[in-house]
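In what follows, a single structure is set out as structure tokens and then discussed.
We call the chains A, B and C, going by the order they appear; numbering starts again at 1 in every chain.
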Amino acid sequence: MLTYLIRRTLLVSVTIWGVMTILFGLQHLSGDPTLLLLSSDATEDARRTLANQLGLDQPLAAQYAAFLWNTLTGDLGLSWKYHQPALRIVLEALPATALLTSAAIALGLAVAVPLGILAAVYRNSWIDTLASFIAVLGQSMPVYWSGLLLILLFSTTLRWLPSMGSDGAVALVLPAATLGLNIMARIERITRASMLEVLGQDFVRTLRSKGLSERSVLFRHGLRNASVPIVSMVGLQLSALLGGAVLIETVFAWPGVGRLAVNAVYARDFPLVHAAALVVTLTFCLVNMLVDVLCASLNPQIRLD
Amino acid sequence: MRSLPAKPAFGTCIILLVIACALLAPLIAPFDPNDQDILNSLAPPFSTGDGGRHWLGTDRLGQDILSRMIFGTRVALTVAFGAAAASAAIGVPLGLAAGFLGRAVESAVLVLADMILSIPFILLALVIMSVLGASLLNLVICFAAVRWAQFARVSYSLSLELREKDYVMACRAGGISLGRTLLVHVLPNMLGPITVILTLELAYAILMESGLSFLGLGAPPEIPSWGGMLQEGRDELDTAWWLTTSPGLAIMATAIACNFIGDWIRDRLDPRTQGVLR
Amino acid sequence: MSGAEPVLEMRDVGVELAPLGGAARRITSDVDLALHAGRTLALVGESGCGKSVTALAAMNLLAPPLRLGTGHILLRTPGAAPRDLTRLSPAELRAARGGQLGMIFQDPMTALDPAFQVGEQIAESLRAHLGLSRRAAHDRAVELLQLVGIHEPERRVRAYPFQLSGGMRQRVMIAIAVACSPAVLIADEPTTALDVTVQAQILELLRELGARLGMATLLITHDLGVVAENADTVAVMYRGRIVERASAEALFTAPAHPYTRGLLASLPPLDGPRERLRPIPGQVPPAGVADADCPFVARCPEAMPRCLAARPALTAIAPEHEAACFLHATVAA
């Protein structure tokens, strides 16, 4: 367990270093930011002062070293647009994204897992067909389009739910449903496949011979044995989920990290872009570590090392 | 997918239809896709405008939706095929190298691939596109720069299995050069799974390209694209539903088609290689 | 064979194999078995003869593509009217399984849930059938592990199956089966997957538990050595039918059916000079019952023309001794 943690921490550090290096490179490919930050009639002097403030007059290697050191100490500089610490702005937006994505995961699991189990139990029946149909739809609908459709249906036509903003739980319903629908597909399929495998094993007959209820056979024992692939799949889907959040937050004007990042890219606000990328990547790595630990606790035969 | 040959058949039909639209666009489109007709803006489907009927309506500038849809296939296909092919061209050799060239190359490729795949694609692509600027070529470059990692991972997993095979070990022991072994004995055995990834990647590229276009950093605005049409339609959602419906359906149908074909091929592969593709 | 009424009685049981979209095929036919309290009935036969399927049928535990085609399974427990397992509601059937009927499976490596501690697997049966609290069920599980001869039961109760040896897992399996003191114990080849030394211990345990708890035991085995030491009565099965039924003593001293004789002759002698084993010539025909002729005719050293013309029925040839063979038809008449 300890060796696992050390190894993973090392790997996460390398990943973060690589991601930040890529972003640093992209920033310097994008040209002189002072031209963007100052109005076109600014004097050459003003431009030079700004470049000096931002450290842009230093040699590239020195800038890179400073950038890495600052990243390590958690100082990603002031946002060029908001003139506040970039990392703080991102961290303030993080809870909204965390709420959105966890609601989407919860919703996705709540629908996809029972659907996958039903599809496995009633294999080749109409339930199975329906489940696979929903899976295909969820996987193939562009996430922002299904978002637009839900807005069209529930807020424009039926006027049941708000289409924008983050006021209260109602505002969460549509974006979370959109995102949940998107990840449902793979979870449903892996649940079905892994339940089919589990239900074909000998011990299921033992459970029935003990006179356990079908509910206990399927949900307590079946699902527990099928859970490791399902949990791993949620971990794998996290990247798609966070990417989907970027689009969904834009569609629904949800004040999270995704929308912040999109606007930062539009404004070429690189400190903010860096901060957003750092936080998102770190979240991804940490959640995947969590998934590994969870899998090990679900299956006593898995050992972390 | 599950035992229904109707699915790959449906998928193939859709893809052929999309390809036909892309090739014959100027011949079959009823209007010039960029022909503006402000007097006829936001006309609903089936309404008649100057010079013909707008089967799917018009957008805010009075441009014919159907014609823009037909021309939009060109963006979708160019980017999808370009992206998938370029990603494979980079990723497969790197995956093979990771599998056959020893620990150092193996770690380097895998760590790099994991690194790139740990940033959500759309976020990284946004930054790249904002630096490179919106154009079709840049879209392909952007996809290749990120999605090679997917191909590298899969071909690495496959080469792990293949390098233990008797015939591969025999080649190596028999003094046949590594390049030749890979080209003659390893690569052909990977074609099935790689084709599956290619088709699934087509669907992925179509979805993501339209997502980037939706955010305004995909296809340039003057070229009709499905994602761009969705973005334009978003502001008119409560007044003109037809702006978003057709491009959304087109993206979905094309993605479903690619997924159907990919799943169908996968189900026909050796069960052991299927595990690699999960 | 015994004065009292049998605890579990299988009447005319026939199991069918009904693959999806295929025609149903009978696997066993006309199987009649009676289990008496405190006694062990051994069901013997070669692989594929239908004995394991019969064990599952006794629990009404057949799962697709297998299903019960004909017959009844009557369960008589003290203080309750006889019940037909084939007519019970799913809930009643669940109460009977694990409650009045316990089952031990062949392979303890795969028959236990790998994701649960063995204690939990015993306890959940107790909780489901006896309504014990979590705490009480746990304590009882420890006692049961002790009962089946597992050392340090307080520690082992928390073990996962993969942490136990094969013999210990089979002991756990037995603890699960007898947890609710069932009236009937069905053991499907309980020692086949185990080492020879462990086999004897497990059989000893089964014998002891059967006597102590007064269970009616159905012991499925292909091993006549096991039968000789453990069974009170024996039924021999061939190609889905019972071909001979007798007390263990009668069967070993005076086997009536040529198939039984062949089985006995193929055993290595316990004493005396070692000679070549004599296998029964021919192979077991594929599963599925035949009606037109004697099922054994193709391999029978004493086949007669009439064996091809009709199938002999199971008839009494001596007190408490039945055989399905024309050699004895005249004796019975």
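In the analysis below, contacts are C-beta pairs under 8 Å (C-beta built on N, C-alpha and C of every residue); 3 or more make two chains touch, one makes a residue touch a chain.
If you want to know which protein each chain is, UniProt gives these names: A, B = ABC transporter permease; C = ABC transporter ATP-binding protein.
What you see is a predicted model, and the numbers here were worked out from it, not measured in a lab.
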### Task
Treating chain A (ABC transporter permease) as absent, figure out whether the rest stays one piece or breaks into groups, and list them.
B | C
### Query
Nearest chain to the global Cα centroid?
A
### Query
Comparing centres built from CA atoms, which chain ends up most distant from chain B (ABC transporter permease)?
C
## Note on the structure
Between the Cα centroids of chain A (ABC transporter permease) and chain B (ABC transporter permease) the separation in whole angstrom comes to 21
### Query
Distance from the CA centroid of chain A (ABC transporter permease) to that of chain C, rounded to the nearest Å?
54
## Note on the structure
Note: chain C sits from chain B (ABC transporter permease) at a C-alpha centroid distance in Å of 59
### Message
Using the touch definition from the top, which residues of chain A (ABC transporter permease) touch two or more other chains?
### Response
124
### Summary
Residue ranges of chain B (ABC transporter permease) touching at least 2 other chains are none
## Note on the structure
Two or more other chains are touched by the chain C residues none
## Note on the structure
Contacts from chain B (ABC transporter permease) onto chain A (ABC transporter permease) in the complex sit at residues 1-3, 111-112, 114-124, 126-128, 130-131, 203, 207, 210-211, 214-217, 227, 230, 233-234, 237-238, 241, 244, 247-248, 251-253, 255-256, 259-260, 278
### Query
Can you list the residues on chain A (ABC transporter permease) that touch chain B (ABC transporter permease) in the complex?
11, 14-15, 18-19, 22-23, 26-27, 29-30, 124, 128, 132, 136-137, 139-145, 148-149, 151-152, 156, 190, 239-240, 242-247, 250-251, 258, 261-262, 265-266, 268, 273, 276-277, 280-281, 284-285
### Query
Once bound in the complex, which stretches of chain C touch chain A (ABC transporter permease)?
20, 56, 59, 61, 63, 90, 93-99, 101-103, 105, 107, 110-116, 124-125, 128-129, 160, 162, 173, 176-177
### Query
Given the complex with chain C, which residues does chain A (ABC transporter permease) contribute to the contact?
124, 201-203, 205-214, 216, 220-221, 224-225, 298-301
